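One structure coming up, written as structure tokens, with questions to follow.
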Amino acid sequence: MIALSHDDLQALWLTLQLAAVTVGVLLIVGTPIAWWLARTRSRFRTVIEAVVALPLVLPPTVLGFYLLITMSPQGMIGAPWLQFTDATLSFSFTALVIASTLYSLPFVVQPLQASFETIGSVPLETASMLHASPIDAFLSVASPLALRGYITAAVLGFAHTLGEFGVVLMVGGSIPGKTKVLSIAIYDHVETLDYAQAHALSGGLLLFSFITLLMVYTINRRLPIRVA
Amino acid sequence: MNRLEAQFDIDLPHFRLQADINLPGQGVTAIFGPSGSGKTTLLRCLAGLERSATGRVQFEDVVWQDEQQEIFTPPHQRSVGYVFQDPRLFPHLSVESNLRYGFTRTPAAKRYIGWNQVIDLLDLQPLLHRRTHRLSGGEQRRVAIGRAVLASPRLLLMDEPLVGLDAQRKREIIPLIQQLRDELHIPIVYVTHAINEVLQLATTLVLMEGGKTVASGTLSEIFSRLDLDQYLDQDTIGAVLETQIEAHEPEFGLTRIGFNGRHLFVPQQRLPVGHALRVHVLSRDVSIVVGSPPRQTSVLNVFEAKVVEIGTMSHDRHSVDIKLDVGCPLLARITRKSVAVLNLTPGQTVYANVKAVALSHDLPGIP
Amino acid sequence: AAEVTIAVASNFRAAVEVIADEFEARTTHHVVISSASTGKLYAQITHGAPFEVLLAADTKHPQLLIDESFAVKNTAFTYAVGRLALWTPNPDHVIDGLHALRRDGIRHIAMANPKTAPYGQATYEVLSGAGLWLPIQAQIVRGENIGQAFQFVASGNADLGFVALSQVLNPRNRHPGSRWDVPRHLHAPLQQAAVLLRKGQSHEPAKAFLRFLREPFSQKVIQRFGYGLNN
Amino acid sequence: MNRLEAQFDIDLPHFRLQADINLPGQGVTAIFGPSGSGKTTLLRCLAGLERSATGRVQFEDVVWQDEQQEIFTPPHQRSVGYVFQDPRLFPHLSVESNLRYGFTRTPAAKRYIGWNQVIDLLDLQPLLHRRTHRLSGGEQRRVAIGRAVLASPRLLLMDEPLVGLDAQRKREIIPLIQQLRDELHIPIVYVTHAINEVLQLATTLVLMEGGKTVASGTLSEIFSRLDLDQYLDQDTIGAVLETQIEAHEPEFGLTRIGFNGRHLFVPQQRLPVGHALRVHVLSRDVSIVVGSPPRQTSVLNVFEAKVVEIGTMSHDRHSVDIKLDVGCPLLARITRKSVAVLNLTPGQTVYANVKAVALSHDLPGIP
Amino acid sequence: MIALSHDDLQALWLTLQLAAVTVGVLLIVGTPIAWWLARTRSRFRTVIEAVVALPLVLPPTVLGFYLLITMSPQGMIGAPWLQFTDATLSFSFTALVIASTLYSLPFVVQPLQASFETIGSVPLETASMLHASPIDAFLSVASPLALRGYITAAVLGFAHTLGEFGVVLMVGGSIPGKTKVLSIAIYDHVETLDYAQAHALSGGLLLFSFITLLMVYTINRRLPIRVA
């Protein structure tokens, strides 16, 4: 196998960081949204459901373009961000996280919501009769019962973030060591006809993802937590 | 003072619950009524799991719900234990974790029953390390009862908890409920279709029909009603007598009780002489002798009685219930043929044979 | 040692990597390279990207940036001139001019998107000038950029295509195949302009890199990669 | 010939089922045994839902499973009906669609019971358009029974089907099961903890304990065993008598039956004179008179009897079962005090009073 | 609003066709895979689970690049295809469908699998006791109970196909009327700084998707089919 260049190693490391942070943020952000969608009877439910799925519909570069506008120093989010942090938001790691989170949100919200809906209110009622507050019941009953949904959400969110390219390229500017992730590195190698390196990186990415997914699924199977 | 009072009016699709109950703050209240009459819905309302636009619940001094004043204590703050009609074990937890769920969430100071005590009484030790989803129906029920009790609730709601258990298990579990009732003074609202559970456990009875609480009161009040027939198993109709402990005969395992100057032998009671005791005499356990009182019979309890009323035919088409007067009402079930042979007429004096083994029920004094 | 952040049009990335390596060796400055299509780079620069130097694939975008004062006036210059080639990786398939396009059995002809890629625009000019644009419409497949057009051909999906000469001559290209270099006069020159961006205005190493781009070493590299120089 | 034969040996975590049954191809076989003894597992094996490495099932002439010969008929081809221990209604279908599910999947020629008949008997009309998930416990059970029966299965497995139903409902549903048994000759395997259901329905009894089928046979065979005590409610111990119909007394709704030259009155039976009938006489319904036989009593059935054996104390500590000989064994439950007062000794001649309303059970002749 | 050009209208129509066909194919292909994954006890289960998620991991253009190689007249799929159909696979609508299907497969398989696992064997057992064959039971019980999973799968698959860009661009060759989908059209407008047209198209796409999603969710809510 071809040795990875410094540039590629940096990209790999950045990608792993981005995927990990994004999945974390996605699960944290996605959980309350999914929970609300699963349990509310509000008329706005369907509207929010549709809105959550919307980022998916735009081509990534186009979504990236709009995000770029929003996060630029003159943008709706970028301007206040600059004011408070004294740093530009676009072309930063944070921007990548925000963009990836937004783009992968439906992959997290939808499976979680489906899980929460399937669980229904019965286990929560039961927990409430055993002194469990709603939050306690969520943590001790609903979330472990939704494990299958969390696995799906995490896998889709993780894989999608690894492979994401258009949005990240647009918002991050592919700055090595800062915003140049593996997917961009592979793309660059293809563009410069450096196929050997592209194959090696793709193969490595696939292998790594495969092993990660295999581990997740194996652990999932071993866990005694399974509704049915 | 210590009472559980509740009024609900809740309109569900296809069903309306209009309940008004006022129960003593201790003892077991049996909710009795045909399938679909709203028993479960009533329990859910009490627990706060179902909320009605016009509802009020007061338990002891605390108002849990008063929609007019916009008071609503959420279910988990009511310290209610609920044994649901279906076991509802948490599928992601082992049997032990299920049992510990409420136990660990109860501050040690508020626990009134010990882990080992419950595990032993319900014979849960062999199940502790099992997964829940492959337990047998009866095993699941025992775990559900244990889990509710281990959370040391201040009010316990039980929806047909002994269904699906074999006779032996029932005999083992009933003392646990009696202990909650008598020693720990935990009020229990108990839904059942089994009259013998009512007789062994209940101090108060609420009758439901078509979503309404049609009657409520002490066992003897309710049981003297004639229209109960339809709710009850024919084998469980009978009179409730107010008696007093007169003497114990430990050599035979019997206690003599008295009422209106008559005596009855019942299985030995752990109550002091002079204590009040209500007993239930099933009409099927009472037979009638005309002429001279029978001697030399294995039946210990024989009274002179007056025929008050000859009932209408029961559903089995061959027997009738005879209402007798032995200072208080007593019911005897005999065949129509016997009515004819004995030529029974109201006013006639007869002898009532009561088999000593009639089911009895001790009712500790309730304010 | 300082850092120079340069944004480069994708098609020139391979060449600039070689130039940057030499620049780093000579100056101990570190060159950070970002590449994307010129259109994306433009959008990024106008929205706060931290690039100091732009090597575009055309002259239009650098001029726009100067007009909108995202770039420093009078720093733009043409650093390379692209050459168009009609190419096939199949060496047996001899290409001897535009009529190769009309040969039987040709299913797909690749080119870059005329709207988004300068090489596409040039190809369009060549084809319409020869009156071939409409006749071969049905066979044309478009890559979003010249890189994709090259991949269509290199992978055998298109029988032949208009690619950048720089791609065919790229040392990494293992299929010299057979090609016809499109004469320069058949299309407007594919001038690629470099410009100093506002972010690099007062950054000496950025200016140094732009200067280095005009030094003989760089010029040799540019030519080796199949680009012409702006003489 | 028409039999249901099965052998299983299946090893589950924490549990091993070793069953060997050979049942008549008609009538109701009651599976009886403590909670967790493997009753449900046995039913699942019969249905083909649980597969054991060494299993064999033959129903009538068809081998459904023979692992040695690698024969295994998949569950849906066995034409088995199964009323599960929990109702298991399909949550995405209305009550009516649930009921129609098996009905429409049965070719009209193979249907032996009509839609209206089942709907009426189970009183399902008011529920038809309801969603299933909000039905009460009892309502769900009725739908589950109806759904299974409407599929016209050739073998019906019922796992505690009447649990959670009120007495009135039970009385209404039992005739449906009797009809399946007597008129349609559908073999039924019936799990229950309720002895009165056994008495009213079962023709054969299989006793299970700890995963093993410890005994099986006709009711009277099993009921004469002494070690049954532990499985049974004390109130349901008694003797089973083999009798013949002697005469009907329709004016009183009675039938006179004879055995060993003695007579008994039971509720009127729809069987012709001369037909065999087995009846079950609960020991609690039999009392003893010493000396002269009682006259003028409402108890119709009085026999001379010999005391055979005075049983050991029962679990309630105050009564004992006396085994009498009336040509065949008869059990009488009396208090220990009565034993002392009457000075009963084995060999003594006494009179047994049997209340006519003792539960009876008709057993059509089985090959 | 700016009037849509003929080119854009063509792209829009093509996109709708592609999304519809792809969602259809995805559901048909995804169902047996998800069903098998949910019910098998095979050791290969986790491997297949991981493999299904893999296409996501690669950047779309890179995945497209590999697909292009596979579908080329010399490629593993392209060569036999050419032989049987006498047409090249790449740059055809079929190629777009294959590529989109492959790329969106995890979004369909995962929610379906989760649904099937949650349903468990109880309803199927019950159906088998009512004369239902396994296929009958699947159609009449499992699939309606998995409706929530199907909705999630269809929405994610549909939205992702609308927004898909890199793979489609690569495999399709952006031939107007044949393989040039809306996402490419929008991209072109953005690249050429024709922002007004890009905004208009994006807005239209968003609005259309929003309405579609809203309808799906509203119907879903109205349907009486809901586990819990």
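All chains are identified by letter, namely A, B, C, D and E, in their written order; residue positions are counted from 1 within each chain.
The rule is simple: a residue touches a chain if its C-beta (ideal position, glycine included) is under 8 Å from a C-beta of that chain, and two chains touch if they have at least 3 such contacts.
Bear in mind that the values here come from a model prediction, so they are computed numbers and not experimental data.
Asks: Can you tell me how the remaining chains group up by touch if chain B is left out?
Replies: Connectivity check, chain B excluded: one piece.
Asks: Could you state the distance in Å from the CA-based centre of chain A to that of chain B?
Replies: Averaging C-alpha atoms per chain gives centres 57 Å apart.
Asks: What's the distance between the Cα centroids of chain B and chain E, rounded to whole Å?
Replies: Centre separation, chain B to chain E: 60 Å.
Asks: Distance between chain C and chain E based on Cα centroids, please, to the nearest Å.
Replies: That pair's centroid distance is 35 Å.
Asks: Round to the nearest whole Å and give the separation of the Cα centres of chain B and chain C.
Replies: Measuring from centre to centre gives 90 Å for this pair.
Asks: Identify all positions of chain B at which a residue touches two or more other chains, and write them in rising order.
Replies: none
Asks: Any chance you could list the residues of chain C touching two or more other chains?
Replies: 40, 43, 151
Asks: Residues touching two or more other chains, restricted to chain E: which are they?
Replies: Correct list: 65, 122, 184, 187, 190, 226-228.
Asks: Using the touch rule from the top of the page, what pairs of chains touch, sorted by label?
Replies: So the chains that touch one another pair up as A-B, A-C, A-E, B-D, C-E, D-E.
Asks: Would you tell me which residues of chain D are touching chain E in their complex?
Replies: 47, 49, 74-76, 79-82, 84, 88, 90-92, 94, 101-102, 105-106, 131, 133, 147-148, 151, 153
Asks: So in the complex, the part of chain A that touches chain E is made up of which residues?
Replies: 45-47, 49-51, 53-54, 56-63, 65-66, 106-107, 110-111, 113-115, 117-122, 148-149, 152, 155-156, 159-160, 162-166, 183-184, 186-187, 190, 198, 202, 205-206, 209-210, 213-214, 217-218, 221, 226-228
Asks: Please output the residues of chain C touching chain A within their complex, sorted ascending.
Replies: Chain C reaches chain A through residues 5, 7, 10-11, 13-14, 17, 32-36, 40, 43-44, 47-51, 147, 150-151, 167, 170, 172-173.
Asks: Could you list, by residue number, the parts of chain E that touch chain C in their complex?
Replies: 65, 68-69, 71-75, 78, 88, 90-91, 169-170, 173-175, 180, 184, 187-188, 190-193
Asks: Give the list of chain C residues in touch with chain E in this complex.
Replies: Per the touch definition, chain C meets chain E at residues 37, 39-40, 42-43, 64, 107-108, 110, 113, 115-116, 140-144, 148, 151-152, 155-158.
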